[in-house]
Amino acid sequence: MNKVINLLLIIGFTGVLLYASMDLPYRGSPDNPMNQPESMTGTTVAGHYYVEKAYKDAHTPNMVTVVLGDYRSMDTLGEQTVIFAAGIIGFLILRRRKKNKEDS
Amino acid sequence: MIVSDLPVLIPLTFLVSALVVTLFGFWKERWGYPLAVLGTLLAVCLSLYGFFQVMDGSMMRYEVGGWAPPVGIEFVYDTLSAFIVLVINSVALIALIHSRVVGKTEFPGKRGGYYAVAMLLMFGFNGMVITGDLFNLYVFLEISSLSSYALIAIGDKKAPFAAFRYLLIGTVGGSLYLLGIGFLYVVTGTLNIIDMSAMLPQVIDNSAVIGGLILMVLGIGIKAALFPLHGWLPDSYTHASSTSSALIAPIGTKVAAYVVLRIMLYLFGDQLVDIGLPVTSIVGALAALGILYGSIMAMAQSELKKMLAYSSVSQIGYVIMGISLSNPFGFIGAVLHILNHALMKGTLFLVAGNLREREGHTNILKFDESYRKKYPWTMAAFTTAALSMVGIPPMAGFFSKWYLALGTIQNSNWLLLAVILISSLLNAVYFFRVLEKVYMRSSASESTSDTERQEVVPSMLWTTTIAAAALIIVGLFNASIVAVIQHMIPAGL
Amino acid sequence: MNLTLVPILAVLVSLVAVPLILLSARKPNLREFWTIAAAVVKFGLVLTLIPTALEGESIRYVLWEIAPDLPLALNADPLGIFFAVIASGLWLLTSFYSIGYMRGHGEVKQTRYFASFAICLSSTIGVAFSANLLTFILFYEMLTIATYPLVIHSETDKAIAAGRKYLTYTLTAGLLLIAAAGITYSLAGTLTFQAGGLIPEGVMDQSTAIILFLLFLGGVGVKAGLIPIHSWLPSAMAAPTPVSALLHAVAVVKSGVFGVIRVVGFVFGPSMMMDFGLDQILIVAAGATIILASLLAFKQDNLKLRLAYSTVGHLSYIVLGAALLTPIGFTGSILHISAHATMKITLFFCAGAIAVNLHKKNISQLDGIASVMPWTMAAFTIGSLGLAGFPPVNGFVSKWYLAYGSLQGDMLIPVLVLVFSGLLNVGYFFPIIKRAYFHEGGSELDNHSEASPFMVVPLTITAVASIIFGIAPNLFLHLFDMASTAATSLF
Amino acid sequence: MTDFLLGHYAYWFTILVLAVGLYGILVKRNLVKKTIGLSIFQAGIILFFVAISTKWNASVPIKVKGSHVSEAANFMNPLPQTLMLTAIVVGVATIGVALTLLIAIYKRYETLDEEELLEKFQ
Amino acid sequence: MTRPVDSPIVVYGSRLLSPYIMLFGLYVIFHGHYSPGGGFQGGTLLAASLLLVRISSGSKIAQIQFSDMFTAPMAVVGVLIYFFTGLIAILAGGQYLNYELLPLGDMHGAELRYWGILFVEVGIGLTVMGILVSLYDNLVIGEDND
């Protein structure tokens, strides 16, 4: 019974994804919305902006670094916090109590 | 300077608290508690101040790093997010103050790390609420998720396994959400919520958009314990330590529900109708099923915390149902219920914590009259919260149900109206079952120690009673809250 | 004299007494003093409102908006004042009686009892003075919850089962009422009671109206004891007798019928009731309830149960009066609230006195008790005669107007129902009186005498009051004028 | 049709990876294998994002000194790649926490088989 | 894994290799502006260099190289570097993490951003290194008793 449900889940999941992928723009096509200089509502498209302006904005040839460290620096702070959290969690769950020192 | 920076300062307060707690907590673990409480208190003050800045419906858009929105990440601090931030921080403050003694007994030697992780949890939640960028939301989601796995793993013997299951399904949820972002990103080329919502009308018939919506709602639905994705919740809340459940249960699912609200009513908004898939009806039906399922399962439990956990499944259904109604009344009901349920569940789990601390168990079958004599105030708080859950006016719980009912009536959705009413009755059944035991069943042992007052220490008692009193106050003065909520109603509704 | 604050004070005074009662749990005399004091103050406050009611005016007091456009507001109109006078006046008597009963019975947990009682009365006055449906629901649900501890007071299995049944019925009813209020709000945009109906014309069609009315009827009908949904009432007789007396003769059930009157007169309005034929539903339900309840009363051997079924029947008199949709009918209906209250409370007081004094609860055990408890049985006789509709007890007056009202509305069947049920009333009360007066009592009666004055005095007062209001309905309290003012304001 | 296939086959492969990952999470009884399934699932998502960031005839988004190519068409979109850097880190952290929990579980119950664990709970 | 590996080649080989990996890690962090790399990648390499010694020489000896007392504080310091880089920008009157407002000499605009990115990358590197080592230490901690 469980197996059938699991199988159905997987099939359903795959089906949804396949359905969703049907209308995706062709992979690698330069015409994709995310590669356009301007979005359909006329706002800046981030991806294009980065390629064009990254060097000018931060004197850094590696655009990924600029995006990571500057444009989307809040993401990176969060990312660092995730790593930090993982470390603290490891400490929290696995460290034993030290027997000798414990504030009463 | 400070006012305009509030959107980013509120979450960062928790980050700093986490760092400070880590540094000092490693050195002396008893410092964890005061530092965490202090940090949360500061955050509550900031969010209160911020709430008054934007409660007239204005909005602060904060460009992190000085980059205008589609390029950089923006924080959106509008009335809604300010409200939710205030609610979750206040409830967290209450839960953290309450945890002083519980921490000593339930996870001795680990308090330093525990409070650091609790602060990180709040950092994640605050970030999720305030951020205006879909991917940034994912990052904060993962911070809060990782922290909540850890907090749940600190508990009784089964807790690590419950936490692991939660981790598995929760990470799948987070990943689904990320995949959903991916689909939307390919089609629109932006990650900013406001930017994207302006573009969606043009691409709404694209199957990738529909797939993205499904994946996002599914992923966040797991976090929000939307039926039938709630499987992780009961075990997690039951086996976690009292503090963890008092901290996560009122807040965690609410924040996720808030994200669902953002996605459905702000990102998609009135496009939900054009999408070619009855998303609102499906989500509403799931919410209704969840309400009934949670209530029925709650009736079958003999463990108080498990009962409360199933009741959470049912209560989150109210919020989601309010969202799925997508009309002003439903919106008001949903947002108000986020507040109300945070307070109610907070109170109930605090009561469970009090009982665990004193009695060592929360098995309903063992409850009897002596509990009322021993813990009159705790039990009064429990009664208040229970009546509120059932929806007796003037407790807070009645009013969110009232608005939800008005919402269903406005949509002429009689089935959902019936579900709301029936589930109130079911709530009554499982709460009065407990109340009957506490107030009526004569105690088995007649020793005098069973009739003397043994109320918990003040830090626990006061937090519990304040939370319970807040229920009545919120209920009586909910009109002023609703007046603020009316500023939040998105334009499309 | 400025009376604006009187309604809210009248509601609050017994709520204020609750913490005092709880705090003086260890000192019974002080505790009972608070109850009595609150009752006296409350009655006094309500009495000051009578002139206002006689002028047909109302005192409105808005506390604050509890939801946008839905204030928590009190409005003491003639109808509400009428009900409040009855409830608070009888609370005063019941408080004395309770002291005698509880002490005589040696009941436990008297503090909880008196505290709940005080909350109940606050809620009842709140129900009476509610200016809108939301406030009404608030107090109505408060009443439900506050009554629960009283129903399960003895904490026997039977009482707890009765409590569950009570909660199931009343909470369900509350939910139906909330649903109905929600629908009304979405239709009318307001919930403020308005003489002649708050729902504007033409916002709903026949089927909506019927569904809405049935929802309302489900909501208030449970407490009003309409027949398929009445069965909590006999079960709730497991409560102590003063509870049965006040709550199941005055406060709770009268809140229900009061709700029916509010719904008929102030939510739908007589003309809309007529247009959609809703009065037919109500007449059929009430008529059937009257007959069936009277028949069921015959079967009961337990005195309190017989009284309970009699209550079910008489509540429907009031409902029937409201359903007639004529000014006279309404007057009779409102009058019967007071008439039934005084008479039935007398009967319950008697039943309680007998139970405390002689430990007898069944009718078959009552042989010859009139010789031991002459005052009590005299009062009982007056009460039952009144219920059967004999002059000069006040039951006659209200019945007269009910019958007159139905004739005014060109309806004959209600009159027949009234007459038939009067006969049935005689039928089930007469055996009790006969046993008490004409059967030989057993030897166990020898060393008993009349019950304590705490109990006998109140029941004598109510019995005398029944007669006085039967002879002169307008004496002291101007009950008749108030009732007719309230009734005419609707048309 | 060919264009459609060429434009979409990469997506389908990532979907396949996702399905494999989900299979591991749902069906495998051993908790470590479940964790591996989770890892595969996340890898599928990373692949998806990397796939959408490609652009034909474009290079990695790093400007090379001396070359004066600066048209946007010559560089891939750096945004999905950056996002995936973040997602990878998040994934690592998640797996780290998962392993931490597994060790905690193993210390207590000496097994990592789901069914056995459930039996031990009874 | 808390005891040293038996083979001296592995032990000494890894000890020899460790500083070079560390150096490479630093290179990856600091050269992240010009080539693939940055804080995460470099921090991982730094952690790898430390873990190599921990695995080969055993946890006890490795304490001499890098004590497990320092892991968590180092991570905290890393996050603090990032946090304060942002906070200074606020104090200087800009938005959080707006590097253009860092009070660094007489530099302007893009140049400041260049340095700002470097600061946060260093912070990330420290955190990643500290946490990865700390995770390893915590994961093997149970083996002491086996």
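Chains: A, B, C, D and E, in written order; residue numbering restarts at 1 for each.
Simple rule for what comes next: a contact is a pair of C-beta atoms (placed from the backbone, for glycine too) under 8 Å apart; a residue touches a chain by one contact, two chains touch by 3 or more.
Just so you know, these numbers come straight off a predicted model, no measurement behind them.
K.L.:
Hey, what chains does chain A share as contacts with chain C?
P.N.:
Intersection of chain A and chain C contact lists gives B.
K.L.:
Kindly work out which chain lies most centrally, taking the average of its C-alpha atoms as its position.
P.N.:
Measuring from the global C-alpha mean, the nearest chain centre belongs to B.
K.L.:
If I average the CA coordinates per chain, which chain comes out farthest from chain B?
P.N.:
For chain B, the chain whose C-alpha mean is farthest off is C.
K.L.:
Of all chains present, which has the mean Cα position farthest from that of chain A?
P.N.:
Computed centres place C farthest from chain A.
K.L.:
Check B-D against A-D and say which one is joined by more contacting C-beta pairs.
P.N.:
A-D
K.L.:
With centres defined as the mean C-alpha position, give me the chain A-chain D separation in Å.
P.N.:
One centre to the other, that is 11 Å.
K.L.:
Measuring from the mean C-alpha position of chain B to the mean C-alpha position of chain C, what distance in angstrom results?
P.N.:
44
K.L.:
From the mean C-alpha coordinate of chain A to that of chain E, what's the distance rounded to whole Å?
P.N.:
21
K.L.:
Using mean C-alpha positions as chain centres, tell me how far chain D is from chain E in Å, no decimals.
P.N.:
24
K.L.:
Going by the touch rule set out above, which residues of chain B reach two or more other chains?
P.N.:
15, 22, 64-65, 135, 139, 142, 146, 149-150, 153, 160, 179, 185-186, 191
K.L.:
Quick check on chain C: which residues sit in contact with 2+ other chains?
P.N.:
none
K.L.:
Could you tell me which residues belong to chain E and also touch two or more other chains?
P.N.:
In chain E, the residues touching two or more other chains are 34-36, 38, 40, 72, 76, 79, 83, 86, 96-97, 99, 135, 138-139, 142.
K.L.:
For this structure, give each pair of chains that are touching.
P.N.:
A-B, A-D, A-E, B-C, B-D, B-E, D-E
K.L.:
If we count contacts the way the header does, which residues on chain B are in touch with chain D in the complex?
P.N.:
Residues in contact with chain D: 135, 138-139, 142, 146, 149-150, 153, 157-158, 160-161, 163-164, 167-168, 171-172, 174-175, 178-179, 182, 185-186, 191.
K.L.:
Can you name the residues of chain E that touch chain D in the complex?
P.N.:
Contact set of chain E toward chain D: 34-36, 38, 40, 135, 138-139, 142.
K.L.:
Where on chain B is chain C touching in the complex?
P.N.:
Those residues of chain B that touch chain C are 387, 390-394, 398-399, 401-403, 405-406, 408-410, 417, 421, 424-425, 428, 432, 436, 439-440, 442, 476-479, 482-483, 486.
K.L.:
Write out the stretch or stretches of chain B touching chain A in their complex.
P.N.:
Chain B reaches chain A through residues 15, 18, 22, 28-30, 64-65, 67-68, 70-73, 75, 108-110, 113-114, 116-117, 120, 123, 127, 131, 133, 135-136, 139-140, 142-143, 146-147, 149-150, 153-154, 160, 179, 183, 185-191, 195, 198-199, 202-203, 206-208, 210-212, 214-215.
K.L.:
Which of the residues in chain D come into contact with chain E in the complex?
P.N.:
The touching residues are 60, 62, 85, 89, 96, 99-100, 103, 107.
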